[in-house]
Structures are given as C-alpha cells and as structure tokens.
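Next come two complexes built around subunit A: one with subunit B, the other with subunit C.
So, the complex of A and B:
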C-alpha cells in the first residue's frame, strides 16, 4: 500500500490527519449526541429519583435498581423477552431453514416466492400489528370465525385477551413478520454452496436430505449463527408489535423490558426507574452479545483467516 | 439428467403444496386488509372471512379525501428523506477514511461503529426524548426525529459501505493524486460515484427503517406532525368500530414501503447478502 507520492512526510501526516478528521466528524458527532450521550444519561438518571423536571438532585444510589429487580412486572418482562429469544431459535430457525432448502430447489416461480415471503418483513410492525389486531378480534375476527367453523374451540376472551395465550399469539405474529428475513438470509448462504459438492455426493448415492444435512447446512452455519445473533438482539428489544397488539397486557402477560421502561418513563413519569430498566436491558443484551461473539461467532472469523 | 429429475421429481407436488401454504399464510393478512377495505362493516360482521359483495369504494375514497392522511404521509416522507440523506452522507464520509487511509486508530474507530450496532434505541429512548425536546428544542419537528434516526442508522451504513469502498481499484486514486487532485476531490469525483450501488442499498435500508419507525415518533411527535404509522395506530384506536375504514387506511399506508421494496428488491437483497457474508 503506497502512501501519497509527495515528499515531506511530516506535513503529509498532518494533512492526512486533518482529512480523516474532516471525513469522520459528522458521523462521530451524530453518534456522540444521539447514541452515546443518551445512553450515558440513562445510566446517570438511574441513580436518581426524578420525575422529569428540575435538576437531578435526589440521589438514591442503587434503590431504583432494587425497585426494578424486585418488581415482578419487570422480572416477568425479562422472562417474556427470553421466551421470545428461545422460541425464535427453536421455531423460526428450523422453519426458516426448511423453507430456504425447499425454495433452493429448482422449482417454478422461485423468484416470485422469494419476493412474497419477504413482504411481511417490509411492512411496518405497527401496520402489520393493526391488521393482525383486526384478524384476532374476539368473536368477530376472521381467525376465530374460521377456527370455530371447523370445530376448534376458541378462548372466550380472544387470543390476545387470555393471559395464558397472549404471549404465544404475539410470537406467532412475530414469526409471520420475520420468517421472511430468515429464509432470505439462509437462501443467500445456500447460493454460496458449490454445486460440485452436492453433485459429487449424489454420484456417491447420497439422498437429497443427506446432502442437505451433511453438506449444505454445515456450510451455511456461519449465516445461521449470524441470524441467531440478529434474532436475539431483536427479541430483547421487542416493543412495537407488543405495544400495538396488547399494550403489554392482559395483566402484564406480554410486558417486555422495552414496554416496561417506556411505560414507566412516559406514562408514569418514573424516569429513574426507566433509567435503571434501560441499563439492565442494555447489560443483558451486551453480556449476551459478548458471550455469543466469544463462544460462537469467533469460530467464524477464525475460520476465515 | 438424474440430477434434474431428482430436483423436479421426488417430492415435487409436496414442495409446491408447501410453497402454496406459505404464500397463503404470508399474503393472507395483507389481502384480508386490502379486501376488507372494499367491504362495509355490515358485510364484515355478517361474514368475517368473505369476499366484498358488492365491492365498495367509499372506504378508500374516505382515506384519500382525509386531509390527515396526506399530512401524515407528507411528514413520513419528509422525515424519511432527511434521515436517509444524513445517514448516507455522514456514513459514506466516515466509511471512506476507514477504507482508504492507513492510520493507527483505523480499526478502533471502526469498532466504535460496530459497537454502535449493539445499542438498541429502546435503551436510550427516554434520555433521547428529553435531549431532543428540552435541550435541543426540536420536539415535534422533522429534524428532531430524523437526526436521531440517522444516528442509529449510521453503524449499519458504515459496516456495509466500508467493504464497498475497500474494493475500489487503487490505481484510479493514485492517478488522480499524481494529477494533483485533493483527497476531498477524489472522494466526491471518484469514490462516491463508484460506490453508488452500496449507497443505494444503505439508503433504501435507512429510508424503510425511518418510514416504518414507531417508538421515537410516538414520543416526539404530536398532532399534525405525526407520521403514517402513528396515524394508523391512532386511526385504528379512534375508529375501532369502523373496521372497514381502519382496514382501508392501513392498506393504503402499506403501499409506499411495498412499492419501494419491489423496485429496489435486488439491491436490498444483495446488500443484505453482503452484510451477512462480510
């Protein structure tokens, strides 16, 4: 890599530094102002009792954290987030993989199918949520009408109104919304699997399923691990769909960490509590991301080098 | 020939059956919304899963003649355009030295952007709300929403654009330097035009994310400044008895993102593929 051809190294160095600064400054200012500063303020806010006006004076130490961690609404919310994380991996991963393997076969209208399956992902969560809210209306909604017409019993309060079913229902809607992304990413990975490998295996008498299991799936493992990472982060931040479908109810059965902190901050004015909940949400996400990076993704970067 | 017959033949009908089921499940809710907009509430109540009979245009007419709808759509458009412009410009400027310069802090600086991917907007949402409304006095304005959204779009923009800029041939740059062109000039005249495909990808991603955003606009915008997703949510709760009207409003609100997606499909897909492999 050759440097600039001009002669005086000291001046060039200074000039180069100035150019780098010029290019990077707008992005760094935006990130510092709208990402780093708010995160730092959330941490600061979490140590005070504060109702959103006046100076931060009422220092309470870790009391907000104690309140949040002993609030069963919040600990349930953490459970709900983790339920979504694990349900996504257990349900969406095999489903997405199966669809990607099917759509990777030489079938008619493959391009159209890929487009169609990606449509829900493009819609705003709120807009998709409003449509599903209508579909899931108790008694008058299409889903209950169709189910009861074929003799399947429906819950009296509706799927979203029954505490035991609400979270599962939200998960089904999320699966509808996000399965397309999984399929698309896995298909992208499958494009990179060389034909020669499966052809050679086929000559050796391997079945379609054997080829997928022994060759295709292992080869797209890095893509799968990346998807798991994205899905994990997304599940921990879950807000829009829950806010529209249930608002966190019924009886907090679908509260997530994000709906909890927005509710505490904007509706109840407990900014200190909201701050503590934000910090806990961030720490959980951060620890999971680092652990995942360390134990799982590191293998991928190593393999590439 | 054996290979072809295997791919087409065995399990063929089953594959098509699964594909059909996927299409029905995927498009069902969207079509239900679109068709429901052509029905009356009375039709919807009588036969929730039926087809429009007769087809009514009045719900859609109601949306198009509703001035609030156009206000929301205009706000969404303005905010998405501002977000996209700021995110793409600041993003490509930051990605350029990270791709084309050799300096000690290069990788640590890049790491700052990678770490930015880990900051969920929800964590910072309350302080962000206070910062924008109280400290910057930008509450209830387009910029108040666009600037934070651009900031949160930056990490992914930089991460996708850097490999694009790295792949540009070095010879072009060296020739221009020998001709006495400045780095800034090379950036505008050579790097930017050549990385256009990447810019379009990150631009579409930033635009769609802004167009679909809910939480930040929900906290920052009121009244006539609200965006389409907020409008849909409000309309749906205010007119909860008028299901057909809600479905028409929601369906129309879906169209812009769908058109943009269909037009830019290939680019989004290749951008995402690059991001996954990269």
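So, the complex of A and C:
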C-alpha cells in the first residue's frame, strides 16, 4: 500500500487544484452557456414584450406577470399541477409501497413481476404517450373496445376528449408510467432493512403485516420522503405526456404550467409572457422544494448525524 | 458605430449592410420547401436558367422539409441573418417582420407583377406596400368522399348551412360519421368560425377588423351563433376535441383518407396530405370531391368570398437587387406554368391557371379565381398572438364551454395587449 510520494506537498496541492480546474472548466462553461445564460435571459425576457426576433426594446415592467397571473388558463394550470402532485402521493405512494412489500417476499415469478412493473419507466415518455394515445382512441382504440365488450359504458367523446375525464386519464397513464420508479426505490430501501429484525419479530409471534408496519415501513421512511420529493418536482414540471395525449385540451382541462408556457412561447409568439410563466413555475418549484427540505427532509439529515 | 468611422477604403465591415455594388458579390441564398421531386428538380432548373440569363449571379438553393424550413427561418429572424429569398405566409407574421426591418418593399421594383397577380397579393401588404409575391394561393373548403355521399343517397353537395345540416342528418342516418375535425390542433376547428364570420360579415367590416383589431360589429357574434347551430347537429368524429389535424391514420385527414368519415373542412394541401396517410399513397384518389363552404341564409357576407392563404416569395432587406429579379422570374408565366404542371401548388399567375392537372384542385382554383376576395386565414392575418387566442376560444366553443360572445371577447382582449 504505497501512498502518494511524500515531500513537496505545496506543489502537489497546487497541481491538484490545477487539475480540478482543468477538469471542471468544460462543465462550468457548458453550465454557464446552456443553463445560466438561458435562465438569465428568460428572466430578462419576462419584462419585455417580445415576438421572438428583433432587439428587446419594448419594456413592459411587470405586465407579463400580471397577464399570466390573471389568466384563468394559467391559474387552472397551476391547479392541475397541484392535483397531479397530491394525486401522485395519495395513489402512487400506497400502491407503490404495497407492490414493493409484496415483491420483497419470496413469491413465484417475482423477477417477471418486477420487470413488468419497471418496464414502463424505462420507456421514453414520448413513445409511451403515442402508444397510449392510440390505445385510448375513441371507439376503435383497444381500451374502449375491451371495455365495451364487457359492457362497461364509455364516454361519448372518449376518455381524452371529455374535459371532465381528461386529467384523470392522463393521471392514470402517468401512474402506469412512474409506478415502477416508486417500486424500485422502495424495494432498494427494503433491501437495507436487516433480516434479523424481522426474524426476531417473527420469533416473538408478529404477523407479516405487523412486521411491515412496525419495522419495514418506518425504516424506509427516508426513501419514501425522497420519492415524494422527486414525484412533487416531476409533477410540477409535467409536460411531455400531456403534450402528446391532449396538447393541454380539451378546453384547457389538462393544461399544465409547462404546456402553458410552451404554447405561449413557441405557438403564439408571446415570448415575454412565456418568460414570465417560466419564472413563476420556477418560483413555485423552488419554494416547494425549500419548504419540503426544511420541514420534511431535514429530519432525515438530522437522524443520520 | 466604429465601422462607419473607418469605412473609407474598408470593404469588409460585415453586419449585412446591403451595400453590394454593381460588380460586387451577387450570390443569392434561396430557401424553399419543395424538397421532393419533381419540385426540387424543377426549382434547381429555374435557378440554373436564371443564372444563365444573368451572368455573374450565383443562386445557392436550399431545399428543406417544410417544418425544417419554418424552424430554420425562425432562428434566422431571431439572429437577423435572413436568407435573401424566403417564404412568407403573410398577415401579422409579415407585419412583424416588416416592423423589425427584415423585409424588402417590392411595391415599385415588382409593380408589373403585383398588377398581374391582382387581389391575391393583399395578404402580403402592410400599409399599402407589397412585401412578398404569392406564388401559390389556395382556399379552404370541404373535401368529401364521393362514394360515401352516393351511398347515403346524396346527389348534390350542400350550398347552404341548412342543406349542410340535412346532409349531416342523412349521413348519420346511413351510419356514416359525417365530418372529421382536428380540434386537438385548434386551427382546423377555428377555420369553421373564420368561415361563418366570412359569411356573416361584409367585406369592409372584415378588412377594417384586420387593421383596427376592433371586433365590436354584431356579425362576429352571429358567426359564433351559426357555428353553434352546426355544432348542435353533432356532425363530428368521436373524440374530435383531441384529434390532431393531419398526423397519422387516426387524425382528421387520416379518417377521411381511410374512409371513416364522409368529409373534412381543409385547405388545398389535403390531397397531398391524404396521399401520405394511405398505404397505397393514393389518398382518396378518384373518390375525392370538393365543395366550397356553404352560404349562411341572411348573412351579410359574400357567399362567394373564400377563406385561404398561401406562400409568397419575400426578399430580405439587405439582399442584392438580383434577388428581386429572380423572384420576379419565379412569378413569370413560364415558371408558374411549370409549377402548376408539376402539381407543386395553385399558381397565382392567371396565365398558369389552365395548367393545373388534378381535377379537384382545378375545381378549387376556379372557385378561388371567381371569388370577389380571398380572406387570409384569420390567425395568420392577425398574427400568432391574437390568432392563437382566437383559435383557443373557438376550440372552447367546440368543447361546449364557451359562447359566441366569448370568442369575440377573448380575441378583443388579446388584441388590446398588442397595442
């Protein structure tokens, strides 16, 4: 075990710093070019009326922010995002946990089941969206054909075309897509639960469910809290699936903050308004992330100390 | 600024000042979207012929797929480095480009051609000046399946909205879905309102609205009411609110091409789109029929007026003069006739009208030429911002969540923001 050659520590340190600088510079340049610069120009853009070409000259102050915040399409979009955030926690969390606990037992075809649940997550979102769009075609799509054949009534305009059902339908597809991630994370957490604990509990006569409830679930709580965080941020930025399935329609029933800003920017040429919407989206995400960090995740970091 | 101080003796100042001298660089860049044969080859030959007649001029042709061209153009406008000759769709888009000082005024340089093209240039005029020469202008109308119409016992295509209602009822009675509409993309739905407005409003009211952005005339609400009446007959394909316009077999155009519906309101590009959506590449083929948007009984609009739009060649502000000459050449009898013979579009030069070979397109061309005026698609005419708000509001009416008044209100509101 030969360590680094002794002597001349000053020069080594300097060399190390140079190396760090050398290796980090490309990443920093890319970050500045493709992250920092666009963010700064989006903020700047949000104070101008700008159509996408020519110089930024038409300064409008906070007017873009006022039009975004007073636009019912945007405020509805915020509601849709939060609906998805809470629906994910209320539905995907228990479902994912139940599946993870089940798949953690020694049951038959466990590997196959794990794969089936995880595959949707691996699939590109665009591809999954296109496939579901076809499956959900009114009348001719597989889903309506199957439902009708067993006598379940289907909506006149299809699941995606009915304003009252569209968001719920999108959520079902999202759940199908992202349940695999929850299960994977929870399973990984469960691997870390020492077998001795459940064996001891078993000797004391605890049932399977008692062991899960008193030992396994509390021990993977940090994993669950991390998943909630990821799910929350993902739901706030929701775009791809909605864009492909409904484009934000019908009647804006599935518009999210992200589809709103893309629509305003690239389709209507209101780049200032899109900039303002993106700043608001960023702030909402930022505040929620900080709050979650402060009130929920802090417990985890403390516990580890 | 520094540049002008040392300009004497220095020719390489850059920045695209448009200061090409007589003997200077006469290279012209030209972007077009005819990237399939025969169009691509035809345009290459046109460029070569022009170069032969104009020694010293060099044309760099770039043929791209349509969407690629649109994307590249958008980037070009942002950077201010626009190709010398490019495609303009007119209306509010063009007005923005003019305002940013990117487009050359052709009113005087091409006065003769503008005279010849007549009314079709109006979509490419801003404040009385012409900024681009339209080479293909089509109109929107109903494309229908002649066989399905016959099967339902319909002998004549409808000419009034009431007759359209009857046709819808007859088709439904025969178990045929009457109309497909790609309301998921919004503009195909909006075309219905544009047309009901065209049939409800007199020409001067519409022309005035395009410049003043004032929609207070009662006819705009009447347009929505006429549309509501059509919607109440439930003529559209199931799930039309999320149906895309022309991507895939389950899109509105795909449904017409695969004979799932009897008709669709669409632009002159429809036969080409349908060909791309069928396995044999024929679209509806012989069964393709076309009829203009019906009249609204009691409407103040001209029943012969048509809704349409097209593509025009524009010249960048800093392009060499030879670019103007080339655009004029592209609109000449000779090039336009070849353009029509190759089915590349609907020629605007009257001398080429007889050269269109496709029977449905020839019918459409006759209707266009007989029209007292062709109204540019409202969303193009008003620009993306106002037009987008208008399209969204029409889509809400289709979804049963808006009123005729709401369309006018949303449009007016977006227009206020433009001022």
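Here is the rule we go by: the second predicted complex is superposed on the first by the 288 of 305 C-alpha atoms of A that agree within 3 Å, B and C clash if a C-alpha of one lies under 4 Å from a C-alpha of the other, contacts with A are read in each partner's own complex, and residues count from 1 in each chain.
Everything that follows uses one rule, which is that a residue touches a chain if its C-beta (ideal position, glycine included) is under 8 Å from a C-beta of that chain, and two chains touch if they have at least 3 such contacts.
Here the structure is a predicted model, which means the values were calculated and not measured.
Contact comparison for subunit A: of subunit B and subunit C, B touches the greater number of residues. In the superposition on chain A, contact is made by A:208 with subunit B only, not with subunit C. Of the two partner chains placed around the shared chain by superposition, subunit C is the only one that A:54 touches, whereas subunit B remains out of contact. In the superposition on chain A, A:67 makes contact with subunit C only, not with subunit B. Once the two complexes are laid over each other on the shared chain, residue contacts for A:150 go to neither subunit B nor subunit C. Once chain A of one complex is fitted onto chain A of the other, the partner contacts of A:251 are limited to subunit C, with no touch recorded for subunit B. Applying the stated contact rule after C-alpha superposition, one finds that A:188 touches subunit B and leaves subunit C untouched. Once chain A of one complex is fitted onto chain A of the other, the partner contacts of A:140 extend to both subunit B and subunit C. Contacts of subunit A with subunit B, set against its contacts with subunit C after fitting on chain A, overlap at residues 52, 134, 137, 140. On subunit A, the positions that touch subunit C within their shared complex are 51-54, 67, 73, 134, 137-140, 156-158, 160-161, 163, 166, 245-247, 249-252, 263, 267-270. Taken together, the subunit C residues at the contact with subunit A in this complex read 74, 77-78, 80, 96-97, 99-102, 183-186, 237-243, 250, 383-385, 387-389, 392, 395-396, 399-402, 417. Chain contact summary for the complex, subunit B toward subunit A: residues 2-4, 6-8, 10-12, 15-16, 18-19, 22-23, 25-27, 29-30, 32-33, 36, 44-45, 48-49, 86, 89-91, 93-94, 96-98, 101-103, 109, 112-113, 116, 118-131, 147-148, 150-152, 154-155, 158, 170, 174, 177-178, 183-184, 187, 208, 211-215, 219, 228-230, 232-233, 236, 243, 246-247, 250, 253-254, 257-258, 261-262, 265, 269, 272-273, 276-277.
Of all the residues in subunit A, the ones that touch subunit B in their complex are 1-5, 16-17, 19-20, 22-24, 26-28, 30-31, 33-35, 37-39, 41-42, 45, 52, 99, 102-103, 105-108, 113, 115-120, 122-128, 130-135, 137, 140-142, 145-146, 176, 180, 184-185, 188-189, 191-192, 199, 202, 208, 223, 226-227, 233, 236-237, 239-240, 243-244, 257-258, 261-262, 265-266, 271, 274-275, 278-279, 281-282, 285-286, 289.
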